[in-house]
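Working notes for the structure below.
Going in written order, the chains are labelled A, B, C and D, and every chain counts its residues from 1.
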Amino acid sequence: MRVVLQDEAFDVAAEVDAVAREAGVEAGAVAMFLGLVRGGDGLRALTLEHYPRMTLARLSAIAEEVSARYDLLGCTIIHRVGTLGVGAPIVLVLAAARHRGASLEAVETMIDWLKTRSPFWKREDYDDGRQVWVEARAADDAAAARWDL
Amino acid sequence: MRVVLQDEAFDVAAEVDAVAREAGVEAGAVAMFLGLVRGGDGLRALTLEHYPRMTLARLSAIAEEVSARYDLLGCTIIHRVGTLGVGAPIVLVLAAARHRGASLEAVETMIDWLKTRSPFWKREDYDDGRQVWVEARAADDAAAARWDL
Amino acid sequence: MKDVSITVLYFASLRDRLGLDRERYALTSPDATVATVLDALAERHDALREAIGAGAVIRAAVNQQFATPATPVAAGDEVAFFPPVTGG
Amino acid sequence: MKDVSITVLYFASLRDRLGLDRERYALTSPDATVATVLDALAERHDALREAIGAGAVIRAAVNQQFATPATPVAAGDEVAFFPPVTGG
(Lines give C-alpha, C1' and ligand atoms only; values in the text may rest on other atoms or scores of the structure.)
Protein backbone atom coordinates (compact mmCIF):
# COMPACT_ATOMS: atom_id res chain seq x y z
CA MET A 1 0.00 0.00 0.00
CA ARG A 2 1.30 3.41 -0.90
CA VAL A 3 -0.34 6.68 0.14
CA VAL A 4 1.25 9.99 -0.77
CA LEU A 5 0.28 13.64 -0.40
CA GLN A 6 2.55 15.99 -2.29
CA ASP A 7 2.92 19.27 -4.18
CA GLU A 8 4.93 17.80 -7.04
CA ALA A 9 3.73 15.82 -10.04
CA PHE A 10 3.99 12.02 -9.93
CA ASP A 11 5.50 9.49 -12.31
CA VAL A 12 2.63 7.34 -13.61
CA ALA A 13 4.87 4.64 -15.10
CA ALA A 14 6.90 4.28 -11.91
CA GLU A 15 3.71 4.01 -9.87
CA VAL A 16 2.20 1.36 -12.16
CA ASP A 17 5.43 -0.64 -11.94
CA ALA A 18 5.52 -0.25 -8.17
CA VAL A 19 1.95 -1.44 -7.61
CA ALA A 20 2.46 -4.40 -9.94
CA ARG A 21 5.66 -5.28 -8.09
CA GLU A 22 3.87 -4.97 -4.74
CA ALA A 23 1.11 -7.26 -6.04
CA GLY A 24 3.51 -9.95 -7.23
CA VAL A 25 2.89 -12.91 -9.55
CA GLU A 26 -0.71 -13.43 -8.44
CA ALA A 27 -1.78 -10.12 -10.00
CA GLY A 28 -3.76 -10.37 -13.21
CA ALA A 29 -5.21 -6.86 -13.26
CA VAL A 30 -4.15 -3.29 -12.56
CA ALA A 31 -6.75 -0.55 -12.81
CA MET A 32 -5.99 3.15 -12.66
CA PHE A 33 -7.71 6.47 -12.39
CA LEU A 34 -5.86 9.67 -13.16
CA GLY A 35 -7.57 12.98 -12.47
CA LEU A 36 -6.46 16.03 -14.44
CA VAL A 37 -7.18 19.76 -14.19
CA ARG A 38 -9.91 20.20 -16.82
CA GLY A 39 -9.53 23.46 -18.74
CA GLY A 40 -11.94 25.75 -20.54
CA ASP A 41 -13.97 28.90 -19.80
CA GLY A 42 -10.83 30.89 -19.04
CA LEU A 43 -9.61 28.63 -16.23
CA ARG A 44 -5.99 29.39 -15.43
CA ALA A 45 -5.33 27.06 -12.51
CA LEU A 46 -6.87 24.94 -9.81
CA THR A 47 -5.80 25.36 -6.19
CA LEU A 48 -6.20 22.36 -3.89
CA GLU A 49 -6.49 23.17 -0.22
CA HIS A 50 -6.59 20.45 2.41
CA TYR A 51 -6.64 19.85 6.18
CA PRO A 52 -3.03 18.93 6.80
CA ARG A 53 -3.42 17.18 10.15
CA MET A 54 -6.25 15.04 8.80
CA THR A 55 -5.61 14.33 5.13
CA LEU A 56 -3.01 11.60 5.14
CA ALA A 57 -4.85 9.63 7.81
CA ARG A 58 -8.02 9.75 5.69
CA LEU A 59 -6.18 8.62 2.56
CA SER A 60 -4.64 5.73 4.48
CA ALA A 61 -8.02 4.73 5.90
CA ILE A 62 -9.52 4.72 2.38
CA ALA A 63 -6.67 2.64 0.98
CA GLU A 64 -6.94 0.16 3.85
CA GLU A 65 -10.72 -0.20 3.73
CA VAL A 66 -10.78 -0.62 -0.04
CA SER A 67 -7.83 -3.06 -0.02
CA ALA A 68 -9.67 -5.26 2.47
CA ARG A 69 -13.05 -5.00 0.75
CA TYR A 70 -11.71 -5.98 -2.69
CA ASP A 71 -8.88 -8.26 -1.52
CA LEU A 72 -6.33 -6.13 -3.36
CA LEU A 73 -2.75 -7.24 -3.87
CA GLY A 74 -1.53 -3.66 -4.29
CA CYS A 75 -3.00 -0.21 -3.81
CA THR A 76 -1.76 3.35 -4.40
CA ILE A 77 -3.29 6.75 -3.72
CA ILE A 78 -1.37 9.91 -4.62
CA HIS A 79 -3.09 13.27 -4.19
CA ARG A 80 -1.54 16.61 -4.96
CA VAL A 81 -2.17 19.89 -3.16
CA GLY A 82 -1.35 23.48 -4.07
CA THR A 83 -1.85 25.34 -7.34
CA LEU A 84 -1.97 23.25 -10.53
CA GLY A 85 -2.20 24.44 -14.14
CA VAL A 86 -4.66 23.21 -16.77
CA GLY A 87 -3.90 19.64 -17.81
CA ALA A 88 -1.87 18.93 -14.67
CA PRO A 89 -2.41 15.63 -12.86
CA ILE A 90 -4.27 16.02 -9.53
CA VAL A 91 -4.79 12.52 -8.26
CA LEU A 92 -3.66 9.00 -9.11
CA VAL A 93 -5.36 5.86 -7.85
CA LEU A 94 -4.13 2.34 -8.62
CA ALA A 95 -5.48 -1.06 -7.61
CA ALA A 96 -3.88 -4.42 -8.39
CA ALA A 97 -5.93 -7.58 -7.98
CA ARG A 98 -6.18 -11.15 -9.22
CA HIS A 99 -9.08 -10.35 -11.52
CA ARG A 100 -10.31 -7.33 -13.41
CA GLY A 101 -13.61 -6.83 -11.60
CA ALA A 102 -12.01 -6.24 -8.22
CA SER A 103 -9.39 -3.85 -9.58
CA LEU A 104 -11.93 -1.74 -11.47
CA GLU A 105 -14.43 -1.58 -8.61
CA ALA A 106 -11.68 -0.75 -6.12
CA VAL A 107 -10.51 2.18 -8.23
CA GLU A 108 -14.05 3.46 -8.62
CA THR A 109 -14.66 3.22 -4.88
CA MET A 110 -11.40 4.93 -3.99
CA ILE A 111 -11.98 7.87 -6.30
CA ASP A 112 -15.57 8.22 -5.03
CA TRP A 113 -14.35 8.30 -1.45
CA LEU A 114 -11.55 10.72 -2.26
CA LYS A 115 -14.21 13.08 -3.57
CA THR A 116 -16.59 12.66 -0.65
CA ARG A 117 -14.62 11.52 2.39
CA SER A 118 -11.30 13.35 2.21
CA PRO A 119 -10.66 16.90 3.39
CA PHE A 120 -9.78 18.55 0.06
CA TRP A 121 -11.30 21.68 -1.44
CA LYS A 122 -10.79 22.92 -4.98
CA ARG A 123 -10.67 26.57 -5.95
CA GLU A 124 -10.78 27.65 -9.59
CA ASP A 125 -8.55 30.57 -10.52
CA TYR A 126 -9.58 32.33 -13.74
CA ASP A 127 -7.67 34.45 -16.24
CA ASP A 128 -9.80 37.46 -15.29
CA GLY A 129 -8.74 37.18 -11.66
CA ARG A 130 -11.90 35.54 -10.30
CA GLN A 131 -11.40 32.83 -7.70
CA VAL A 132 -14.32 30.42 -7.32
CA TRP A 133 -14.58 27.58 -4.83
CA VAL A 134 -15.88 24.42 -6.49
CA GLU A 135 -19.23 23.33 -5.06
CA ALA A 136 -19.68 19.68 -4.14
CA ARG A 137 -21.89 17.93 -6.67
CA ALA A 138 -25.23 16.70 -5.39
CA ALA A 139 -24.31 13.14 -6.38
CA ASP A 140 -21.04 13.27 -4.45
CA ASP A 141 -22.86 14.89 -1.60
CA ALA A 142 -25.41 12.12 -1.22
CA ALA A 143 -22.66 9.55 -0.88
CA ALA A 144 -21.24 11.53 2.01
CA ALA A 145 -24.53 11.90 3.82
CA ARG A 146 -23.37 9.85 6.77
CA TRP A 147 -21.33 12.73 8.10
CA ASP A 148 -23.61 15.56 7.10
CA LEU A 149 -23.79 18.33 9.63
CA MET B 1 -8.02 6.83 -31.02
CA ARG B 2 -5.15 4.40 -31.00
CA VAL B 3 -5.50 0.67 -31.62
CA VAL B 4 -2.43 -1.55 -31.68
CA LEU B 5 -1.82 -5.29 -31.98
CA GLN B 6 1.77 -6.27 -31.29
CA ASP B 7 4.17 -8.89 -29.98
CA GLU B 8 6.27 -6.45 -27.98
CA ALA B 9 5.58 -4.92 -24.59
CA PHE B 10 4.13 -1.42 -24.45
CA ASP B 11 5.18 1.72 -22.60
CA VAL B 12 2.40 2.56 -20.13
CA ALA B 13 3.66 6.07 -19.37
CA ALA B 14 3.97 6.98 -23.03
CA GLU B 15 0.46 5.68 -23.70
CA VAL B 16 -1.04 7.63 -20.77
CA ASP B 17 0.69 10.78 -22.02
CA ALA B 18 -0.51 10.13 -25.56
CA VAL B 19 -4.16 9.63 -24.62
CA ALA B 20 -4.12 12.72 -22.40
CA ARG B 21 -2.55 14.72 -25.25
CA GLU B 22 -5.16 13.37 -27.67
CA ALA B 23 -7.91 14.37 -25.23
CA GLY B 24 -6.63 17.92 -24.80
CA VAL B 25 -7.54 20.51 -22.18
CA GLU B 26 -11.14 19.35 -21.80
CA ALA B 27 -10.02 16.06 -20.26
CA GLY B 28 -10.57 15.72 -16.53
CA ALA B 29 -10.23 11.97 -16.24
CA VAL B 30 -8.10 9.14 -17.60
CA ALA B 31 -8.98 5.58 -16.63
CA MET B 32 -6.83 2.56 -17.38
CA PHE B 33 -6.95 -1.19 -17.28
CA LEU B 34 -3.76 -3.21 -17.55
CA GLY B 35 -4.02 -6.98 -17.84
CA LEU B 36 -1.05 -9.09 -16.70
CA VAL B 37 -0.16 -12.77 -16.98
CA ARG B 38 -1.21 -14.11 -13.57
CA GLY B 39 1.20 -16.71 -12.23
CA GLY B 40 0.86 -19.67 -9.89
CA ASP B 41 0.25 -23.44 -10.08
CA GLY B 42 3.41 -23.93 -12.14
CA LEU B 43 2.39 -21.63 -14.98
CA ARG B 44 5.39 -20.83 -17.14
CA ALA B 45 3.84 -18.71 -19.87
CA LEU B 46 0.66 -17.69 -21.61
CA THR B 47 0.35 -17.92 -25.38
CA LEU B 48 -2.11 -15.60 -27.09
CA GLU B 49 -3.39 -16.77 -30.44
CA HIS B 50 -5.62 -14.60 -32.61
CA TYR B 51 -7.33 -14.42 -36.01
CA PRO B 52 -4.98 -12.10 -37.86
CA ARG B 53 -7.31 -10.98 -40.64
CA MET B 54 -10.04 -10.14 -38.15
CA THR B 55 -8.45 -8.90 -34.94
CA LEU B 56 -7.47 -5.34 -35.69
CA ALA B 57 -10.83 -4.58 -37.28
CA ARG B 58 -12.59 -5.85 -34.15
CA LEU B 59 -10.38 -3.78 -31.84
CA SER B 60 -11.06 -0.70 -33.94
CA ALA B 61 -14.80 -1.36 -33.88
CA ILE B 62 -14.72 -1.68 -30.08
CA ALA B 63 -12.73 1.53 -29.67
CA GLU B 64 -15.09 3.40 -31.99
CA GLU B 65 -18.30 2.12 -30.45
CA VAL B 66 -17.12 2.81 -26.89
CA SER B 67 -15.75 6.25 -27.81
CA ALA B 68 -19.12 7.24 -29.22
CA ARG B 69 -21.15 5.72 -26.39
CA TYR B 70 -19.17 7.47 -23.63
CA ASP B 71 -18.26 10.61 -25.57
CA LEU B 72 -14.56 9.95 -25.01
CA LEU B 73 -11.89 12.52 -25.79
CA GLY B 74 -9.21 9.86 -26.16
CA CYS B 75 -9.13 6.08 -26.36
CA THR B 76 -6.39 3.46 -26.61
CA ILE B 77 -6.44 -0.31 -26.96
CA ILE B 78 -3.18 -2.26 -27.14
CA HIS B 79 -3.33 -6.05 -27.18
CA ARG B 80 -0.33 -8.34 -27.36
CA VAL B 81 -0.14 -11.71 -29.06
CA GLY B 82 2.42 -14.51 -28.85
CA THR B 83 4.02 -16.12 -25.82
CA LEU B 84 4.24 -14.02 -22.64
CA GLY B 85 5.91 -14.87 -19.34
CA VAL B 86 4.35 -14.58 -15.86
CA GLY B 87 3.85 -10.94 -14.88
CA ALA B 88 4.04 -9.73 -18.47
CA PRO B 89 1.50 -7.15 -19.66
CA ILE B 90 -1.10 -8.57 -22.06
CA VAL B 91 -3.51 -5.75 -22.71
CA LEU B 92 -3.75 -2.03 -22.05
CA VAL B 93 -6.96 -0.03 -22.29
CA LEU B 94 -7.17 3.73 -21.73
CA ALA B 95 -10.10 6.13 -21.85
CA ALA B 96 -9.92 9.90 -21.45
CA ALA B 97 -13.12 11.83 -20.77
CA ARG B 98 -14.38 15.05 -19.24
CA HIS B 99 -15.55 13.29 -16.09
CA ARG B 100 -14.58 10.21 -14.15
CA GLY B 101 -17.76 8.20 -14.61
CA ALA B 102 -17.46 8.05 -18.38
CA SER B 103 -13.77 7.15 -18.32
CA LEU B 104 -14.25 4.32 -15.82
CA GLU B 105 -17.31 2.86 -17.52
CA ALA B 106 -15.63 3.08 -20.92
CA VAL B 107 -12.63 1.11 -19.67
CA GLU B 108 -14.85 -1.53 -18.10
CA THR B 109 -16.86 -1.89 -21.30
CA MET B 110 -13.78 -2.12 -23.51
CA ILE B 111 -12.14 -4.82 -21.43
CA ASP B 112 -15.42 -6.77 -21.28
CA TRP B 113 -15.73 -6.63 -25.05
CA LEU B 114 -12.09 -7.54 -25.57
CA LYS B 115 -12.78 -10.68 -23.56
CA THR B 116 -16.02 -11.58 -25.33
CA ARG B 117 -16.04 -9.99 -28.77
CA SER B 118 -12.44 -10.20 -30.01
CA PRO B 119 -10.85 -13.22 -31.65
CA PHE B 120 -8.17 -14.05 -29.07
CA TRP B 121 -7.54 -17.37 -27.38
CA LYS B 122 -5.25 -17.98 -24.41
CA ARG B 123 -3.22 -21.12 -23.90
CA GLU B 124 -1.49 -21.82 -20.57
CA ASP B 125 1.94 -23.42 -20.83
CA TYR B 126 3.06 -25.17 -17.62
CA ASP B 127 6.47 -26.02 -16.21
CA ASP B 128 5.67 -29.74 -16.57
CA GLY B 129 5.04 -29.34 -20.30
CA ARG B 130 1.24 -29.33 -20.21
CA GLN B 131 -0.50 -26.92 -22.55
CA VAL B 132 -4.07 -26.03 -21.59
CA TRP B 133 -6.44 -23.81 -23.54
CA VAL B 134 -8.22 -21.37 -21.24
CA GLU B 135 -11.99 -21.94 -21.22
CA ALA B 136 -14.26 -18.93 -21.55
CA ARG B 137 -15.89 -18.09 -18.25
CA ALA B 138 -19.65 -18.49 -18.07
CA ALA B 139 -20.03 -14.80 -17.21
CA ASP B 140 -17.97 -13.72 -20.22
CA ASP B 141 -19.85 -16.19 -22.31
CA ALA B 142 -23.28 -14.82 -21.47
CA ALA B 143 -22.21 -11.36 -22.58
CA ALA B 144 -21.27 -12.81 -25.94
CA ALA B 145 -24.51 -14.71 -26.43
CA ARG B 146 -25.54 -12.61 -29.39
CA TRP B 147 -23.12 -14.43 -31.64
CA ASP B 148 -23.44 -17.89 -30.15
CA LEU B 149 -23.34 -20.66 -32.69
CA MET C 1 -8.83 27.50 36.82
CA LYS C 2 -9.34 24.70 34.33
CA ASP C 3 -8.78 25.48 30.66
CA VAL C 4 -12.03 24.73 28.81
CA SER C 5 -10.96 26.11 25.47
CA ILE C 6 -10.91 24.36 22.13
CA THR C 7 -9.15 25.16 18.88
CA VAL C 8 -11.45 26.01 15.98
CA LEU C 9 -10.27 25.77 12.36
CA TYR C 10 -12.00 27.07 9.22
CA PHE C 11 -11.23 25.88 5.69
CA ALA C 12 -11.80 26.88 2.09
CA SER C 13 -14.78 29.13 1.23
CA LEU C 14 -15.84 29.26 4.87
CA ARG C 15 -12.44 30.58 5.92
CA ASP C 16 -12.58 33.14 3.11
CA ARG C 17 -16.04 34.33 4.23
CA LEU C 18 -14.92 34.70 7.83
CA GLY C 19 -11.47 36.04 6.97
CA LEU C 20 -10.19 33.75 9.71
CA ASP C 21 -8.47 30.37 9.63
CA ARG C 22 -8.30 29.54 13.33
CA GLU C 23 -9.38 30.80 16.74
CA ARG C 24 -9.81 29.69 20.34
CA TYR C 25 -13.23 29.19 21.88
CA ALA C 26 -14.01 28.57 25.55
CA LEU C 27 -16.71 25.96 26.08
CA THR C 28 -19.60 27.17 28.26
CA SER C 29 -21.10 23.75 29.01
CA PRO C 30 -19.83 20.21 29.65
CA ASP C 31 -22.48 19.02 27.17
CA ALA C 32 -21.05 20.88 24.19
CA THR C 33 -21.54 19.35 20.76
CA VAL C 34 -20.53 20.34 17.26
CA ALA C 35 -23.96 21.97 16.89
CA THR C 36 -23.78 24.02 20.09
CA VAL C 37 -20.24 25.17 19.27
CA LEU C 38 -21.28 26.24 15.77
CA ASP C 39 -24.27 28.14 17.19
CA ALA C 40 -22.06 29.98 19.65
CA LEU C 41 -19.50 30.82 16.96
CA ALA C 42 -22.31 32.15 14.73
CA GLU C 43 -23.13 34.64 17.49
CA ARG C 44 -19.50 35.74 17.50
CA HIS C 45 -19.12 36.10 13.70
CA ASP C 46 -21.64 37.97 11.52
CA ALA C 47 -20.22 36.30 8.41
CA LEU C 48 -20.77 32.83 9.86
CA ARG C 49 -24.32 33.69 10.92
CA GLU C 50 -25.03 35.07 7.45
CA ALA C 51 -23.57 31.99 5.76
CA ILE C 52 -25.79 29.69 7.81
CA GLY C 53 -28.79 31.95 7.21
CA ALA C 54 -28.13 31.80 3.47
CA GLY C 55 -28.30 28.00 3.60
CA ALA C 56 -24.58 27.22 3.32
CA VAL C 57 -23.86 23.56 4.03
CA ILE C 58 -21.27 23.35 6.78
CA ARG C 59 -19.49 20.17 7.74
CA ALA C 60 -17.22 19.47 10.67
CA ALA C 61 -14.45 17.33 12.04
CA VAL C 62 -13.53 16.81 15.69
CA ASN C 63 -9.91 15.86 16.32
CA GLN C 64 -9.44 15.12 12.60
CA GLN C 65 -12.42 12.77 12.39
CA PHE C 66 -15.52 13.68 10.37
CA ALA C 67 -18.27 14.58 12.83
CA THR C 68 -22.03 15.10 12.96
CA PRO C 69 -23.97 17.87 14.75
CA ALA C 70 -24.37 15.56 17.74
CA THR C 71 -20.68 14.72 18.12
CA PRO C 72 -19.52 15.77 21.63
CA VAL C 73 -16.83 18.42 21.98
CA ALA C 74 -14.54 18.54 25.03
CA ALA C 75 -11.86 20.89 26.29
CA GLY C 76 -8.66 20.63 24.28
CA ASP C 77 -10.39 19.34 21.15
CA GLU C 78 -9.61 20.57 17.66
CA VAL C 79 -12.88 21.34 15.86
CA ALA C 80 -12.83 22.15 12.14
CA PHE C 81 -15.66 23.66 10.08
CA PHE C 82 -15.68 23.59 6.29
CA PRO C 83 -17.87 23.29 3.19
CA PRO C 84 -18.54 19.87 1.61
CA VAL C 85 -15.27 18.44 0.32
CA THR C 86 -14.38 18.51 -3.40
CA GLY C 87 -11.15 16.55 -3.78
CA GLY C 88 -10.22 13.67 -6.03
CA MET D 1 -17.31 -24.86 -64.19
CA LYS D 2 -18.00 -22.34 -61.45
CA ASP D 3 -15.82 -22.51 -58.32
CA VAL D 4 -18.15 -23.07 -55.34
CA SER D 5 -15.42 -23.59 -52.77
CA ILE D 6 -14.88 -21.70 -49.54
CA THR D 7 -11.87 -21.38 -47.25
CA VAL D 8 -12.32 -22.87 -43.78
CA LEU D 9 -10.09 -21.84 -40.87
CA TYR D 10 -9.78 -23.46 -37.44
CA PHE D 11 -8.34 -21.77 -34.37
CA ALA D 12 -7.03 -22.58 -30.91
CA SER D 13 -8.19 -25.83 -29.21
CA LEU D 14 -10.40 -26.70 -32.19
CA ARG D 15 -7.43 -26.52 -34.54
CA ASP D 16 -5.39 -28.65 -32.14
CA ARG D 17 -8.15 -31.30 -31.98
CA LEU D 18 -8.41 -31.47 -35.76
CA GLY D 19 -4.69 -31.15 -36.39
CA LEU D 20 -5.65 -28.76 -39.19
CA ASP D 21 -5.64 -24.98 -39.45
CA ARG D 22 -7.24 -24.47 -42.86
CA GLU D 23 -8.85 -26.36 -45.69
CA ARG D 24 -11.01 -25.85 -48.77
CA TYR D 25 -14.60 -26.99 -48.88
CA ALA D 26 -16.90 -27.09 -51.92
CA LEU D 27 -20.45 -25.95 -51.18
CA THR D 28 -23.12 -28.46 -52.23
CA SER D 29 -26.08 -26.08 -52.05
CA PRO D 30 -26.81 -22.43 -52.79
CA ASP D 31 -28.56 -22.27 -49.42
CA ALA D 32 -25.47 -23.07 -47.34
CA THR D 33 -25.23 -21.58 -43.87
CA VAL D 34 -22.68 -21.74 -41.09
CA ALA D 35 -24.67 -24.65 -39.62
CA THR D 36 -24.84 -26.70 -42.83
CA VAL D 37 -21.13 -26.16 -43.49
CA LEU D 38 -20.23 -27.26 -39.97
CA ASP D 39 -22.41 -30.38 -40.32
CA ALA D 40 -20.71 -31.28 -43.60
CA LEU D 41 -17.24 -30.72 -42.14
CA ALA D 42 -18.16 -32.92 -39.15
CA GLU D 43 -18.81 -35.76 -41.62
CA ARG D 44 -15.35 -35.20 -43.07
CA HIS D 45 -13.47 -35.04 -39.73
CA ASP D 46 -13.93 -37.60 -36.95
CA ALA D 47 -12.31 -35.21 -34.45
CA LEU D 48 -14.79 -32.45 -35.27
CA ARG D 49 -17.73 -34.84 -35.01
CA GLU D 50 -16.44 -36.08 -31.67
CA ALA D 51 -15.93 -32.54 -30.36
CA ILE D 52 -19.50 -31.59 -31.24
CA GLY D 53 -20.78 -34.85 -29.76
CA ALA D 54 -18.90 -34.11 -26.55
CA GLY D 55 -20.70 -30.77 -26.26
CA ALA D 56 -17.86 -28.48 -27.31
CA VAL D 57 -19.10 -24.94 -27.89
CA ILE D 58 -18.08 -23.87 -31.40
CA ARG D 59 -18.34 -20.33 -32.67
CA ALA D 60 -17.87 -19.01 -36.16
CA ALA D 61 -17.02 -16.01 -38.27
CA VAL D 62 -17.85 -15.45 -41.94
CA ASN D 63 -15.53 -13.11 -43.79
CA GLN D 64 -14.06 -11.91 -40.49
CA GLN D 65 -17.43 -11.06 -38.94
CA PHE D 66 -18.83 -13.02 -36.03
CA ALA D 67 -21.64 -15.22 -37.33
CA THR D 68 -24.56 -17.31 -36.11
CA PRO D 69 -25.63 -20.79 -37.28
CA ALA D 70 -28.06 -19.14 -39.69
CA THR D 71 -25.52 -16.84 -41.33
CA PRO D 72 -25.44 -17.57 -45.11
CA VAL D 73 -22.22 -18.85 -46.67
CA ALA D 74 -21.43 -18.26 -50.34
CA ALA D 75 -18.69 -19.32 -52.73
CA GLY D 76 -15.42 -17.56 -52.03
CA ASP D 77 -16.23 -16.87 -48.36
CA GLU D 78 -13.75 -17.34 -45.55
CA VAL D 79 -15.45 -19.27 -42.73
CA ALA D 80 -13.66 -19.66 -39.39
CA PHE D 81 -14.58 -22.04 -36.57
CA PHE D 82 -13.19 -21.65 -33.06
CA PRO D 83 -13.97 -22.05 -29.35
CA PRO D 84 -15.39 -19.12 -27.34
CA VAL D 85 -12.83 -16.31 -27.23
CA THR D 86 -10.68 -15.69 -24.16
CA GLY D 87 -8.70 -12.52 -24.83
CA GLY D 88 -8.30 -9.33 -22.85
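Just so it is clear, a contact is a pair of C-beta atoms (placed from the backbone, for glycine too) under 8 Å apart; a residue touches a chain by one contact, two chains touch by 3 or more.
Please read these numbers as outputs of a predicted model, since none were measured by experiment.
Between subunit A and subunit C, the least number of touch steps comes to 1. When each chain is reduced to the average of its Cα atoms, D sits farthest from subunit A. The distance from the centre of subunit A to the centre of subunit B, with each centre set as the mean of the Cα atoms, comes to 24 Å.
Centre to centre, using the average C-alpha position, subunit C and subunit D are separated by 73 Å. Mean C-alpha position of subunit A lies 49 Å from that of subunit D.
Among all residues of subunit C, those that touch two or more other chains are 88. Among the residues of subunit B, those in touch with two or more other chains are 35, 100, 111. The list of touching chain pairs reads A-B, A-C, B-D. Touching subunit D in their complex are the following residues of subunit B: 35, 48-51, 53-54, 57, 79, 90-91, 111-112, 114-123, 133-136, 140-141, 144, 147-149.
Those residues of subunit A whose C-beta lies close enough to touch subunit B in the complex are 11-13, 16, 20, 25-40, 86-87, 98, 100, 103-104, 107-108, 111.
Against subunit A, in their complex, subunit C makes its touches with residues 9, 11-13, 16, 34-35, 38, 57-61, 64-69, 78, 80, 82-88.
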